[in-house]
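Two complexes are shown next, each including chain A; its partner changes from chain B in the first to chain C in the second.
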Partner chain A sequence: MRILLFASLLAAALTGRCMAAETLYDQLGGHDGLSRIVDRALTLYFTDPRLHADFDNINRDWLQPRFYAFFCKTTGGPCVYKGRAMAPSHKGLHIDQARFNAVVEDLQTAMDESRIPFRTQNRLLALLAPMERAIVTR
Partner chain B sequence: MRRAVLALLAALVWAGGGRAWAQANLAGSGRLLATSGITDVEGTGGGGLVPWALITGYGTNDQIGANLHATVAGEPDFLLTSLGAGIGLYDRIEFSYAHEWFDTGRAGARLGLGQGYQFHLDVAGAKVRLFGNAVYDQDTLLPEVSAGAEFKAADRHAVLDAIGAKSPDGVDFYAAATKLFLSESLLVDATLRFTKANQFGLLGFGGDRNDSYRPEFEASAALLLSRRLAIGAEVRTKPDNLGFAREGPAFDAFVAYFLDKHVSATLAFLALGPIARQGDQNGVYFSLQSGF
Partner chain C sequence: MAVRAALLTAILPLAGLDASGVVVEQLNRAFTRSSVTILKGSNIRFSNVDEFDHEVYVDSPNFNYDSYEQSPGETAVVTFTAAGSFEVRCHIHPKMHLHVDVVDH
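Up next is the complex of A and B:
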């Protein structure tokens, strides 16, 4: 009986915590916040001399909604990403670790400008970091 | 005339090489800020006291990196200075060299060696990354793992012999596992070292109490506060081979600041334990590092 009571209390505590927990999407500012970060990051990508070769041939108007949807879905937001997976979408681009990291650095700069706390930034980067294996092919 | 042609040829080759260098971006510092770690007192890429699995410098898997360090540790009775350089090749192999000066100050007079008597140690290091990537592998608990060796040679052979050290030269072997828990902004390292070194090798290798390789445990933990700033602590157990003077584990607590990918500075409280019967040595460590 006491165990049952304890279990139900624990369950209540856990569900309560789950309901209260914000997603990373929320912590990045929801739709508006994430849109601002993505917009700024893409501006940095399209002007970063380290990334010229990669972004010169991409239509930004085509890329931006896909980029946003990918980040929204990755961070637990209410979005559907219909684009291609990371490996096929970067295939043949010969992306090296330095350019992968340049993308990370520009994203950090965009998040800094949106005053996203460092620890929150790292939670996003932790989700993106393993994609190095799919994106970097050199 | 022939000499002028040769000089011109050499200049062309040098310029061509320079351009190829820039095109390949071989020294492009492609890794993320602070993921180079720093360089320990023995010249190996790591924390300040403990070698890490990370390859020194900011070179990615198709770049090279390098690092120079100047480190001073001021303890109550001793002053330890270390200068050295390390190179990281393709985020796979690291070679390093450090020279250490161990100034005994007034303790030298008390020990009958003479005031300011100095011991010296040369350390040549080699490390190879075996598997894993501490930064990218965020979807697994698997750490970055490297194995390495430090070839050490001390001077003052007569003194080392007199205090019971069995050899002025020795080799340390270690395996290091380093993991960045990025979602927690936390880096941890665990290192296992097989060594006979007395006080890092400054007082020789092996002794009257023990002359065999012993496993020693070393660990670091660092909390990243920003892209540029980290605080942390380290521990390193050491052999206790000499009957002449007991030796204990070393600890430090540090703050490291990365100005950019070329300059970093580390300030630490460093407790080296008792050295040469002079009691516990608790002091300050400062290291300035520069590289790419």
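Up next is the complex of A and C:
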């Protein structure tokens, strides 16, 4: 009887675990992992000559928590993103395709350095891809 | 003569001040003026004519202000209630500076 009960509980626990699928946020390392990626990506953005016009005269301390919250929320993490949508928040910045590509490349570099598997990286990039139309305006 | 000149130097700039305040635009991640002198109790209207957000603030021992995120087209009105010299900055764009001298009536 005890063995049956234990088996039932174990089955229920396993089933429950399967149902609560791991989010992309979890796969990126949760809070610590995503913070590392965001921090490294911003370092690359602020030093990338291709992005100088975009990040020169931007307060990194102001941007970082917003950037983190955006990625946390987008990847299914437990965060609230209070910033504006991609189109209004990039309006007036006149971002072209080359600069958008540079941002993506630097993000990939940051994920590579955090040893994020290629498949997980692609999941994030797939989430960001539809936003390109809202961000690239010239 | 020297005293008279000194008095004129001190008074003339104040004579041109308007208690209703002045307008400073935020354009191309910069303020359109680098310095301004106003009367205590008057205001500066910060008009965001850029196409992106700004956030003006003053952080000093005797006067503090924060506009929070100021969308394109919005105007932040800052009333300076204390005399002295202040630096107005933008939280988002750290190279933006406006020096404000606030003088008593």
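By our rule, the second predicted complex is superposed on the first by the 119 of 138 C-alpha atoms of A that agree within 3 Å, B and C clash if a C-alpha of one lies under 4 Å from a C-alpha of the other, contacts with A are read in each partner's own complex, and residues count from 1 in each chain.
FYI, contacts are C-beta pairs under 8 Å (C-beta built on N, C-alpha and C of every residue); 3 or more make two chains touch, one makes a residue touch a chain.
Given the structure is predicted, the values throughout are model-derived calculations rather than measurements.
S.K.: Which term applies to chain B and chain C once both are placed on chain A by superposition, clash or fit?
M.R.: fit
S.K.: Counting touched residues of chain A, say whether chain B or chain C comes out ahead.
M.R.: Counting contacted residues of chain A, the larger count belongs to B.
S.K.: Looking at A:A129 after the superposition, I want to know if it touches chain B, chain C, both of them or none. Which is it: first, second, both, neither?
M.R.: Touch status of A:A129: first partner only.
S.K.: Touching A:L93 in the superposition: chain B (first), chain C (second), both, neither?
M.R.: The second partner, chain C, only.
S.K.: Contact-wise, after the overlay, does A:N57 reach chain B, chain C, both or neither (first, second, both, neither)?
M.R.: second
S.K.: When the two complexes are placed on top of each other via chain A, what is the minimal CA separation of chain B and chain C in Å?
M.R.: Once the two complexes are overlaid, chain B and chain C approach no closer than 21 Å between C-alpha atoms.
S.K.: Considering only the contact definition stated at the top, list the common interface residues of chain A for chain B and chain C.
M.R.: On chain A, no residue contacts both chain B in one structure and chain C in the other.
S.K.: Which positions of chain A touch chain B when the two form their complex?
M.R.: 96-99, 101-102, 104-105, 108, 118-119, 122-123, 125-127, 129-130, 132-133, 138
S.K.: For a test of understanding, state which residues of chain B touch chain A in their complex under the given definition.
M.R.: Interface residues on chain B, with respect to chain A: 25, 28, 30-33, 60-63, 91, 133, 135-140, 182-185, 224-227.
S.K.: List the residues on chain C that touch chain A in their complex, please.
M.R.: That would be residues 29, 50-53, 55, 72, 91-96 of chain C.
S.K.: For the complex, give me every residue of chain A touching chain C.
M.R.: Residue positions touching the partner: 57-59, 62-63, 89, 91-93.
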